[in-house]
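Got a structure for you, questions after.
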Amino acid sequence: MKHRGFTFEKLKIASFDFTCCEGCQLQLANRESTLIDFLELLDIKNFRELSSEQFDDYDIALIEGSISRQDEVERLQAIRRQAKTLVAFGSCACFGGVNSLKNKFSLKELVAEVYPGMKVETMPVKKISDVVKVDLSIPGCPVNKEEVERIMVNLATGSLVTLPKHPVCFECKAQLNTCLFELGEICLGPITRGGCNAVCTTGKTPCLGCRGPSEEINMPAFVELVKARELSLDDLQEKIAFYNAFEGFSNHEA
Amino acid sequence: MHLKDSATMKRDYSLDIRHLTRVEGHANISITVKDGKLLDARWAIVETPRFFEVMVKGMSAERVPFLTSRICGICSISHALASIRALERAMKIEPPVVAEKTRLLAMHGETLQSHALHLFFLVAPDFTGTASVLPLITSHPDLIKAGLRIKELGNEISTVSAGRCTHPVSLVVGGLSKAPDKQQLLQLRTMIQESKPALDTACSFFRTLKIPEFKRETEFISLSNGSSYPSIGGSIISTDGVKQDENEYLLMTNEYSRDFSTSKFTRLSRESSVAGALARFNNNYDRLHPKAKEVAASFDLQAVCHNPFMNNIAQLIECIHILEDAGEMIDSLLDMELREIRTPYSPKAGSATGAVEAPRGILYHHMETSDEGKVVRADCIIPTTQNNANIGYDLGAIAEQALQEGKNDKEIEKLCEMVVRSYDPCISCSVH
Amino acid sequence: MPDKHFVIPRQDINREDFTSSIPDFNRRSEFMKTDMGHKCIITNIVRLTEQEKLFKLRIIDPHERGIFRFKPGQFLMLELPGFGDVPISISSSNSNHEFLELCIRKAGHVTSALFTLDEGAHVAIRGPFGSSFPMDEMAGNNVLLIAGGLGFAPLRAPLFWISEHRERFLNVAVLYGVKEPSQLLFTYQFDEWEKINHITLHTIAEHAEAGWRGKNGMITDLFQDISIDSEHTYAIVCGPPVMFKVVCSYLDNLGIPMNRMFVSLERRMHCGMGKCCRCMVGSTFTCVDGPVFDYWSVMNLKEAI
Amino acid sequence: MIYKVIAKSEFKRFTDALLRDNTSFGPRQVDTDSRGKAVYQFLPVTSSDDVAFNYTVTASSAKHFFLPFREELSRFVFQDQEWDQQINYEADPIVLIGLRACDISALNILDDVLLKGHFPSPYYLAKRKNTFVIGLDHLPLPDCFCKSMSHHTISTGFNLFCSDIGEDYYLSINSSKAFNFLKEFDTRDPLDDDNCRLVERRKIISDSFLSEVDVTALPSILDIEFDSPVWEKWGNKCLNCGTCAMVCPTCYCYSVEESFATNLKGATRQKKLYSCNLVDFAEVAGGHNFRPKNGDRLKYRYYHQHRGFAENANQQICVGCNRCGRACLAGINPKDVINDLRMEKESCLTNISSSPDRI
């Protein structure tokens, strides 16, 4: 495509899933009103869930899911060798996601409980950046298709790709929601990166931080306000651990 | 099983597909025929396990549905609702009527979305001979537009009733955290009306397709609650005449593992059984909306049908049922005060099963809670798990049949892929 | 109750609605045009350094071109539809009514997109905005133009003005400091300024590079080379934030009154019209009260420099 | 201004007619908070029954009806080398019922800022002109401090203002539209008794303020205290969430973003309300941030609200509704911050007076 002096090329893209629910890949097929335009931006080289054709000359690789078995490590490294831009796609890829909750338990205990008497290979859950270099992160559980679309448009037009730097609260207020703290609940909105349109709090359920920490979060002040309101620190702990997205901030907790 | 004793058919055949495409998740097919004799037919799921049943241990009941919804991106609403139902029954919580209705509506949306995705994105290319849906955008624009319209409607129904279509936000233990907005319900009702022609387009297209002739008798299992085309809770029934209470799910599944697959297997009266759209159709034909019955007749689909390829058509017929039924549900929600949406509860020890009809069949979550309302034990049995064994047997049978009919390797491979796809397997979900 | 009676009629807005006088820059007919850019064609692109290019623009519409005027020091919002608009100082002579020149550094989103464009491409401009250097007030005096790095871009317009009215000024000197010699802008014009316009040029680079025969050091080192008559000297200073303080206090010590030193500030801007508040310095707007300030006003402003 | 008195029941009939015929918004209860208090917001209303006439205060202000959280400024349609830029300054008429005096004051302040500066905003003006504002007086909440800001009474900026004088409303009619509409209803000219009741009502309101913020000479104090440690102290609590600016009736700072349509055949320029508390408010290309610390940013919000910017003739723009204080999870509120700043000043005074030089 060439217009107004700019040359726009279709994005040679591939999508791969690892340990996950495939919900983020599914989002690629959502937002039906602009789906055909969206697909028009892409030259899909490899997307097993969608197409039987598979080529290896992609530039952008969307990586969904976390890593929890040796064969996944190898598959991921091979993708890294090919991809010019490797995208951690969704909270599992960015932070480990809900899958990381298994890391609380010993591998032995896990296998014994779910596959008694069987030999099943598994390892502690890793996020993508624990294994290979990540060029771009699109967090969310699931990713917000509107944001994905915007990012793909930006990549195609050579625009700067950025994530919002404000926390969820900012968007929550634009929805005229009653703050969940006012309703006696702990919400991770003040420390979580916006960009989801505050979808959870608009549905009146607390934010669990799937988009990870916002820019320069004030964790001590956040923990302080939870304490000041005499809310349960266990509850806070459960929420903060949910997507494994606040790893580096755990020393401030409770 | 032996092939018919015909000299010309005594050939060798082997099929080995690694990571079948156009299905959700990673799985392999392998078939070996030697000297005209089927040695092995395998449907092996190699997806990495996530151990959700252990992860939920120690988590508060309040949070658990948000976790279990992440078992599957396509049927997340079903997973959330299965957990919610299990937990509500374990802790003796009665959700308000508005919540029950809204939840059913949310499930309808999910099923519509899931069926549309399967029929138009994954199945249609098999019949048009393309590698994916992408070429159809230009070759069959009306069909694709219709498909997208139905899928969009499904997502919209879920979004209005559950706050978000993938990983719902307002379905909670005790009811709903937020009632659907009446204004949005009104818009939804219009959207449903306007989407009906899209389904007609889809039906016309599917009527032109040649569904492969194949039949293998098996047992179909689904929920039945006597009032609605099954969705949430009820007894578990089979076409072989078995009937059990929801809590007795173990008797209906008899789950077992095989070392080549990270997904498990189940059985009931025979060596394998089936759940899903066709099973629901076969068991609950009477409860279908008359419009849906009419279309079923136009496809010559009658209960009990034993052709797995007809599962695709059963899905299409369910779409019609959903469009009619969802409209009625919205009408009754609009007539209600959407105020009482959540029953307050205090944590309690208990255990119970929650069974729901997910798009691909019955989904069981069994939960045990402690006095503090924390989950202490969980068990989830996924629809695809209930179909795994049957898929394996179908693969063998269809390979045999195709060899007899003198089909070439490519044709057999395609048929095998197609039969698996017709089950609409949800693989990552089955390895949870 | 008659139904129609209570319907509030829709009202359009019009010029009379605005109570205060509208600074109808460029006397365009409609007040609304503050949001609508003039379309321009890029007629020429010169790569100045690794990071900077000089873009020559021509307003396409002859009528709009005919009325577009600006003063040295003013800036405009350069618009690339789809990418965004950014504030850019006008670097050309304000007596040239045919072309505008913008010296632009590739810094981020919009400027990177601009750098991919070729001659002949179209962009739009809004403006001009902001305050300007008081050229008439400076006339009759010595002028010191002090630039650091890209700070030379906003100095070029006043430099042109001086060149064109050279007889009205006494001594004129440019002090120009950069990090590396390769970053010097407009070297091709140095000769013209020195020989024809009798403007003395002093350059200095922080780090030497092979082949550099000029001076090494900080911009303040250049002051040793010149003598300043503090009674009759005006100064224009433009560069990175750190430079202002050092240079201005140096000049202050020399006895140049603070209200005779002018600086051009840079802040984040989203509207250029004193509405978005992104460019606040203390309680003043860089976009409408600035970007040109006399040093007296800004040294009193918190966070200015 | 014309004054009338209307019975409350008749006023209901009037609002019913008005709300029926126009897209209208008014206070409605949306929740009950964990302390049992009702939470209100301005939401669509279609009859007087929808309107919570005796509401306290809405959690968010009515600002977004004039300055939407997200607003399209213009649209580009591309054709080959060319593009067409479309701008739409039109707004649909709406009725806004139930605004408090301080909310209307806030609109008047926005008028000053957005319509009287160098570059008046047509987007704002179109909405302002097409909004029929009905004000409603009320008794202050314990933390309201609009009296300190002299914004607890109002005489302009509305179409109609209702003062509650028992069985009736005392109406201040400030537009011919409102006057014409009211002709169809039963109103009367105020009698002496009505005037007395109005004066009494005003006195009660005025005497009911529990919170007071001393704002004398605040602008200069803010200038002097620019480097005060008070900013760091409160800044350390701030979550950089922008909530305060979002709910505030006068915070108007924004950002502009452009984005391509997915089909790349056009683009839009959008305006998004922003907050000076957000980390990237003053960040420029290359990553330099002119206000890198929480305290720097928090200070600027107070600086803008209580010192005023040049565009607004250096007037304070805070009206004293304390919405930001109520909404701030970190417990930051104007009263405490300003008092702290004053205390700072006073403690420094004691230091000076006790220093040996002074003896």
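As written, the chains take the letters A, B, C and D, and residue 1 is the first residue of each chain.
In this text, a residue touches a chain if its C-beta (ideal position, glycine included) is under 8 Å from a C-beta of that chain, and two chains touch if they have at least 3 such contacts.
These numbers come from a predicted model, not from an experiment.
**Q** Counting C-beta pairs in contact, which chain pair has more, A-D or C-D?
**A** Pair with more contacting C-beta pairs, A-D versus C-D: C-D.
**Q** Measuring between mean CA coordinates, which chain is farthest from subunit B?
**A** Chain centre farthest from subunit B's centre: C.
**Q** So how far apart, in whole Å, are subunit C and subunit D when each is placed at the average of its C-alpha atoms?
**A** That pair's centroid distance is 36 Å.
**Q** If you average the Cα atoms of subunit A and of subunit B to get two centres, how far apart are those centres in Å?
**A** About 26 Å, centre to centre.
**Q** How many angstrom lie between the centres of subunit A and subunit C, each centre taken as the mean Cα position?
**A** 43
**Q** Please list all residues of subunit B that touch 2 or more other chains.
**A** Where subunit B is concerned, no single residue meets two or more other chains.
**Q** List, in ascending order, every residue of subunit D touching at least 2 other chains.
**A** 78, 81-83, 259-260, in rising order.
**Q** Residues of subunit C that touch two or more other chains: which are they?
**A** 81-83, 108, 120-122
**Q** Can you name every chain pair that touches?
**A** A-B, A-C, A-D, C-D
**Q** Under the touch definition given earlier, write down the residues of subunit C that touch subunit A in their complex.
**A** So the residues of subunit C in touch with subunit A come to 81-83, 108-109, 112-113, 116-118, 120-122.
**Q** Under the definition above, what is the set of subunit A residues touching subunit C in their complex?
**A** Per the touch definition, subunit A meets subunit C at residues 4-6, 157-160.
**Q** Can you list the residues on subunit A that touch subunit D in the complex?
**A** 1, 3-5, 8, 34, 37-38, 40-41, 149-150, 153-154, 156-157, 159, 165-167, 169-170, 173-174, 176, 178-179, 181-184, 189-191, 214-218, 221-222, 224-225, 228
**Q** For the complex, give me every residue of subunit B touching subunit A.
**A** 19, 21-25, 48-51, 53-55, 57, 59-60, 63, 66-67, 70-74, 76, 117, 121, 125, 131-134, 137, 144, 148-149, 151-152, 155, 162-170, 172, 177-178, 257, 259, 262, 428-429
**Q** Of all residues in subunit D, which touch subunit C in the complex?
**A** So the residues of subunit D in touch with subunit C come to 17-18, 20-22, 73-74, 76, 78, 81-83, 85, 87, 89-95, 113-122, 125-126, 129-130, 132, 177, 181, 184, 223, 226, 252-260, 267, 269, 274, 276, 281-286, 288, 290-291, 296, 300, 303-304, 307-311, 314.
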